[in-house]
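Chain lettering (A, B, C and D) follows the sequence in which the chains are written, and residue indices restart at 1 in each chain.
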Amino acid sequence: MGTTTGTAAGTRDTTGSPRSRLLGVVTLLAVAVLGVLAFVLTDPDVRIHPTTGEEFGQFDAVRMLYVHVPLAVMTYLAYGICAVASVGVLVKRTPWWDVTAHAAAEVGTVFCGLVLVTGSIWGRPVWNTWWEWGDVRLMTTLVLFLMFTGYLALRRTTDDPRRQARRAAVVALVAVLDIPLVNRSVEWWENRTLHQRSTIGELKIEDLTLFTLFFGFVTAGLVLAWLLLHRFRVGWLEQAALDHGVAAAIAERHAETDDAEVLRSVGERAAGEGTSGDGEPGS
Amino acid sequence: MGPFLRDAWLVAERDLRIEARSRVVLHQVVPFSVLVLVLFGFALDADHRTLRTFAPGLFWVAVLLSALLAVQRSAALDRADGTDTALRMSGLSPVALFLGRATAVFVQVVALQVVLVGGLLVLYDVAVEDPLLLVVAGLVAGVAVAAAGTLYGALASGLGVRETLLPILLLPVLAPVLIGATRAFDDALGAAAVDGWSWTGLLAVAALVLTVVGASAHGALVED
Amino acid sequence: MVELRAAVALLGRFPALSGVDLSVDAGETVLVRGPNGAGKTTLLRLCAGLVRPESGSATVLGHDLGDGADRRAVRRRVALLGHGAALYDDLTVGENLRFWARAAGLSSGSGPDGVDQRVAGALDRLAVPERLVDQRAAVLSQGQRRRVALAALVVRRPDLWLMDEPHAGLDQAGRDVVDGLVAEAVAAGGTVVVSSHELERVAALSPRVVTLAGGRVVDGRAGGGAT
Amino acid sequence: MTHVGYLVAGWGIVVGVLGTYAVRLVRRGRALSGRVPEVHRRWLEAPGPAGSEDGRASGA
């Protein structure tokens, strides 16, 4: 993120704009403040058992949640944007929606991968396992991640751009509609295991803890916004570069065919053979 | 609605007739599914008790893997010799086309299940405790698999890498179907004490959602 | 019937048609020729409503091809003989033809306009031997497939015929049948656009030749003073 | 502080991955910008001709 802030308006070959640079600076500041809040100002989660007097809780592992939970929420937001944009692709059929959907899916998948990794790292000390099969959110997020891995794989295939846009939109919509089913099925499934575990709700909530979590949401939101904006612009440029390529290819095709030569090679018939004026080639 | 169902049946009849003649699913996919059951047996190196416990899950994994092949076969029918172009030129509604293809895939998936249940009875020594639940859950899950499979088969067709892309697209979507159908079979085969009928309800919702989405999205895929 | 103005069509990102102007009237036969890769096939697919015009305007049978619903309407009224025969190998010739006839919305009744009558008539018209009707399409020769493919299109009684290399793979008798078919369609007020390399043959039945190269029409410039 | 290793790993991966991804986006954008005429980069002028600059960032 830092790279944009350093770029002055001198070069215009960039996806940055004055406003996006401001956003970048604010985002970096927010990340720094979040770091201070999460590691310096907040206390570890230590609770005293009412009867035995034993210390328990998540201790310092709770600090992982200040990044994990906001990322998870923003993952769902990004995929939500992707779903809305996918509807736009199918209804409006314009590149704008397609580029937006692709950007949201890619950024969302980066976030989703981080959510899974941070969740796993947090789960190891707290749940005493890297992976908890019975957890609804964990499993749902994993399936979502796998679905959008497929989505991005589809995006990487060479295909007619318009067809690819629609195929990808269908995949995104099916994924999003399937998610409630995944969620519900894992939830029922989990009831079978009745796994005892810590959740956010059981945290010793202090004002500062809550504020830090809230600030985490803001920060993750800013990061998401910055990444989406720039990913969109990259996609937009890719689209423009390809369109530009098409225009160039048309010109090239016109230049490379010597009409007289072609007519000679195909035979003498044809020229002036009653195309009744409608056959006039365009400029 | 009349001509519409007629068109869907026209396509389903075509696909089933082709399968009846070519027997690709019967001669290649069905043996593959039984092979999967056998391989699970080898891999688990298990006695009947273990196999009975895991039978429902292994059954549905075998169904999904075999269904992938059946779906690929179904999608391949309309790629050869310009048939895809001819279908677009025919004016056949994409919804009817989807329902027809899905019906044919459904029949094949159910046939697979029948063979695989036989495999469970013989190879894994399971006992059917609730035949009605087994049949209903199998049929409902079959609808979900056929609907999602047909949609993604059409989606992945025409891509250079379709064979490798289909599983990664299709299998995550079928995750809830796998979970639900396995739980329902747990109950039906007495492998675990769960309420198979409520799981079948979940399967029904999945089947409905996937069929409706598949039918309405199919047009966006086959149109240019 | 067909009215293209600076029509551009893309295959992926490649401008297979780079600005085609072409006008074909009802009852006219047009031969499209040109070197390989000139865009002949894409031109026919554009006219068939299979490919969306990227820019320029394209009207076929009064429908604007820029519009999705119009393209669908065009497809139902046009017969496109492509490179493939569109036959399912495991169905018989009769089953294939009946499938395509019913897919085109023809009623399965046995009256004079029913599928069976029309199929029989089409097979007769293309001189497909009776004994082949109950054979699987897989056993047909290349030329026989071509004839059956044409029969499937005859069944639909299209307003516009688009034939991509219709003579390819056919014997002399088959070529005569195709020529007869074209003449018949034109006589009935239909329009035929044929892409072919075989100039001598088509020249006999086509009063008009259009040359395509580099994705556009390169002849017909007599009035433009290019030559 | 407990669980230092876990925390360093978790936060490190998040910052590292997001930072790398952001840098790659910027680099890709710069490489592409050179190949595309400026008219396509409407974000260079504050008020875009279609006023879609803000809408384009709708994800934000």
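One rule holds in what follows: a contact is a pair of C-beta atoms (placed from the backbone, for glycine too) under 8 Å apart; a residue touches a chain by one contact, two chains touch by 3 or more.
Owing to the predicted nature of the structure, the values given are computational and were not obtained by experimental measurement.
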Intersection of contact partners for subunit A and subunit C
B
Skim through the chains and flag the pair connected by the most C-beta pairs in contact.
A-D
For the pair subunit C and subunit D, the C-alpha centroid-to-centroid distance in angstrom is 50
CA centroid of subunit B to CA centroid of subunit C, Å:
38
Provide the C-alpha centroid distance between subunit B and subunit D, rounded to the nearest whole angstrom.
42
Cα-centroid distance, subunit A relative to subunit B, in whole angstrom:
31
For subunit B, give me the residues that contact two or more of the other chains.
223-224
Taking each residue of subunit A in turn, which ones touch at least two of the other chains?
158-159, 162
If each chain is a node and each touching pair an edge, is that a line, ring, star, complete or other?
other
Kindly provide every pair of chains that touch.
A-B, A-C, A-D, B-C
Subunit A contacts subunit C in the complex at 158-162, 242, 245-246, 249-250, 253-254, 256-257, 259-260, 262-263, 265-267, 269-282
Residue positions on subunit B within touch of subunit A in the complex are 148, 151, 155, 158-161, 165, 168-169, 171-173, 175-176, 179-180, 183, 192, 194, 198-199, 202, 205-206, 209-210, 213, 217, 220-221, 223-224
Where on subunit A is subunit B touching in the complex?
90, 143, 146-147, 149-151, 153-154, 157-159, 162-163, 166-167, 169-171, 173-175, 177-178, 181-182, 184-186, 188-189, 192
Complex interface listing, subunit A residues touching subunit D
1-4, 12-20, 23, 31, 35, 39, 44, 59-61, 63-64, 67-68, 71, 78, 81, 96, 100, 103-104, 107, 110, 113-114, 117-118, 121-122, 124-125, 223-234, 236-238, 240-241, 244
So in the complex, which bits of subunit C are touching subunit A?
5-6, 8, 10-15, 18-23, 33-35, 52, 54, 56, 199, 203, 207-211, 213-224, 226-227
